[in-house]
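In what follows, a single structure is set out as structure tokens and then discussed.
Going in written order, the chains are labelled A, B and C, and every chain counts its residues from 1.
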Amino acid sequence: MIELQDVTKVYNEGRQNAFAAIRGVGITVGNDLTAVFKGPSGSGKTTLLTLIGCLARPTSGRVTLNGETISGLPEKFLTEIRRKTFGFVFQRFNLIRGLSARENVMLPAYPLGLDHAALTRRADELLDHLGLGSKGGLSVEHLSGGEAQRVAIARALVNDPEYVIADEPTANLDTKLTAQFLDIVRTLRAEGKTVIMTSHDPRIWQADIVDRVITLEDGLLTADERGAHAA
Amino acid sequence: MIRQVARQRYLIDFTLASMMRRKVKNVVLFGVYFLIVFVLASVMLFGSAIRREAALLLANAPEVTVQKLVMGRHDMISGEHLEALSAIRGVRRAEGRLWGYLFDRGNGANYTMMVPPASDTTHAVGPGEAIVGSGIDRVKTIGRNEYLFLIAPSGRFFKFTVKERLPEGSGLVAADLVLISEADYRALFDLPDGVYTDLALSIRNEKEVATILGKAAKAVPNSRFVTRSSIARTYESIFTWREGVLLALLGAAILSFAILAFDKASGLSAEERREIGILKAVGWETSDVLTSKFWEGALISLGAFLIGLIAAYAHVFFFQAGLLEPVLKGWAVLYPDFRLTPHIDPLQVTTLAFFTIVPYTAATIIPIWRAAITDPDTVMR
Amino acid sequence: MIFHPPILAILLASTLSLVTLVWASGFAARLVRKWDVASGHAGQIALEKRTYLVSTALVFVLALEAVSLILFTENAERMSVLFVGAMCAIGTLNVNAYGFPALILKVALFFGAAVWLIVNHADGLGRDYPLTRFKYGLLIALSPLVVAVAAVQFAYFYNLRADVITSCCSRVFVPNAGGLEADLSSLDPAFALGLLFGGLGVIAVLALAALRWRAGRLAYAAVSLVYFAAGISAVISVVSPYIYEQFHHHCPFCILKPEYGYIGYWLYLPLFVGTSAGLGLGALSLKRTPASLQEALPPFRRRLILTSLAGFGLFGAVALTAILRSNLIMFG
């Protein structure tokens, strides 16, 4: 369970173009399996996602993970926690071109120095699981949009995280692929993983698997509703 | 520990793949790096090989040479001092030497003319005979008749039978050497009997040189005493000095190389920046990126260094340092073709590393760090 | 000044170390005032990022100094041809008054950088980087040393003139010649051997104490430094004559030559490692163990103690082997 207490994030602090993307937000996530942040562009939902996922440190306020304060940790330790707790799926997938799908999946585990054979096996299992079993050796620029996203999801899962964080996961997908994505989320949810997303996409908020929809505006929480599933 | 090793292996794998993706940039850098190592290594290997030649040569030189000075200039010395000098305790032998240079107008070369010392029985030459160095053979067609024709400074014509040729590779000085008998020498240069170019003393125990010099100075006034160790010192310092000056001049090249390295390292492409952002976002830490970049530098450095060094080694020892010879070798025109003895010295390799790997590393630390501290959330902005 | 490539290389290295450390101490001064690890403000995050640069740069400086130290002695060895009466490094270092001070300061700087990196590593084990202020204080303390090294070394090279008559090792290290070096070589060989091997015993006992008490660790560090000096003295007084198989040859540098199988490196390298680890242990024990290091520090300290013991032990073993293999008989 991740708890944010009175968290503020200021970008370009101390400069002329400083602005507060998140202004004193308090929220607890993780007790519901699937949560979606929605809101207009610039409402701060992506920033909030980076704070929850420990990609960034709050300017002020406190973040705790299962009761332990992690907001004051230096990068080294924060990264350690992030690596084993969160997996990330980005809007533009952010795969590394020139590497194979398998290598992309293995990438987050490189700093852990795991056994190579075991790690390769794990990556292949994940790809297989996501229907890409035959494409592991293919360089990622040869993959379609849907396949690229599934590689990105496999990469997010390689360290077996408790949370999967996805930023606008369906922004680049058509209806069919969106449905496919939601199926994957359903499976993850069934496996007990918490999925936290931001989205503009009504197909997401209204999906039956979403437990909670949180609305942001101007860096503040404005609504926190049960999702279609819970209702 | 095993994890650390495995981590390094993963990082090296990744780095190699990443370098392969940016071939052009890395090839350019590698090329310049290689060139710098090649030039510096050539200078240093050549310099030290020459110094070694000189040292080998000197091993056979007399411990002390006595020269007559007139108005501060070297003059012919009378042989009558020989008796007094050989009487000094500790002097094994005192001999008069005849040697000088003969300019050959025909081909613009300078020959070193010399009378072999009486003690040197292997190179004894009779009247009308000559022993020549390998260089002479090249500039002057001696031909099948084995005759060497020389024009004396007075204009007279001399003919010698070439008795023997000195073997190739016997060193720097032997190349232009012509050994003739004492009588021929005096005739060639119109020298009176009883004078010598200088006197050579061989001394039993090198530690006594200082004492002997004191006594000899009294016996032979108006003269200068040159010891073997002082010649060695002078050679050593002249050659290292030249090498040092050349290196200092090359300092400009090293500096521009460092600037290039800095520029290449800081001018990350958008693609590369994006990659580092992704790595940071998916769970790499600053030190992981630093380590990966460190490997990149190490692979380029070691590769360029080794290949550059090997190429320089070949250049100096198999191709006679064709590119550098005129700068380093000295004044004579005759020497192009002798082979340096291959030799390499760890001190030199270390020094070379200091002039290449150190500037490269220093120039790339800051850009690498700048890249590595990319915020992990940049990919989401 | 002699324009000699290795000299230029050493000067380049010392200039780089100087620039790096002066810059780093400027940063350190700012860090010591402003460091607040728990803050998420831009200033703190920028400081934290910069610490990566400092650590990397210090690793670079340590590597430079280590190689530069080797280069310095090897070059002194080589340059002895240039000086009348100098037959090895001793002669070259004695050409002017700055030679030996430069060498000693370089050794000190090497230890300083090694200790800093050990503290730096320990600091990174604690979740709140508990030693950061201490470590940057140490860095500031190190900067006068690097200035001194650069200055004395430059003075040494600048005042090198070929042909100055110098004493060479066979003269300097002959007993009764006076001076510190002579004192070291006239050290009674039996006493020096006692120091060498008895010292190892003392170190082993102290290592046990160091595992348990802070005072033991501090004592261990002090004794490592003393043992370093004792080790060098013993090399000069007894070990090197055994290696050269000559009663009166006491040079501590000639053993680095290939003629003696580079045995000098086998002696000095472990000795330096042992001393560095011991000193690092001491630096870590100057303060009480911070709360966040209660778990992580003791294993690291154990590793330091073991490394140090192994270093000193190897040094002793190599010295013993050299003595046993020698045909020289000094006692009996």
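Structure notes:
Keep in mind that, in the parts below, contacts are C-beta pairs under 8 Å (C-beta built on N, C-alpha and C of every residue); 3 or more make two chains touch, one makes a residue touch a chain.
Computed from a predicted model, the values in this text were never measured in an experiment.
Interchain contacts join each chain to each other chain, per the touch definition above.
Between B-C and A-C, more C-beta contact pairs are found at B-C. The central chain here, found by comparing per-chain C-alpha centres with the mean of all protein C-alpha atoms, is C. In terms of their C-alpha centroids, the spacing between chain A and chain B amounts to 64 Å.
Per-chain CA centroids place chain B at a distance of 34 Å from chain C.
Note: centroid distance chain A to chain C, computed from Cα atoms, is 50 Å. For chain A, the set of residues touching two or more other chains reads 75-76. Residues of chain C in contact with two or more other chains: 49. Shown for chain B are the residues that touch two or more other chains, namely 286-287.
Contacts from chain C toward chain A in the complex involve residues 37-43, 45, 48-49, 124, 127-129.
Those residues of chain A that touch chain B in the shared complex are 46, 49-50, 55-56, 75-76, 79-80, 82-83, 88, 90-91, 94-99, 103, 107-116, 155-156, 159, 167.
The touching residues of chain B, when paired with chain C in their complex, are 44, 47, 229-230, 232-233, 236-237, 240-241, 243-245, 247-248, 286-287, 290, 346-348, 350-351, 353-355, 358-359, 361-362, 365-366, 369, 372-373. The touching residues of chain C, when paired with chain B in their complex, are 2-10, 12-13, 16, 49, 52-53, 56-57, 60, 64, 67-68, 70-71, 74-75, 78, 81-84, 162-163.
In the complex of the two chains, the chain A residues touching chain C come out as 10, 12-14, 57-61, 71-77.
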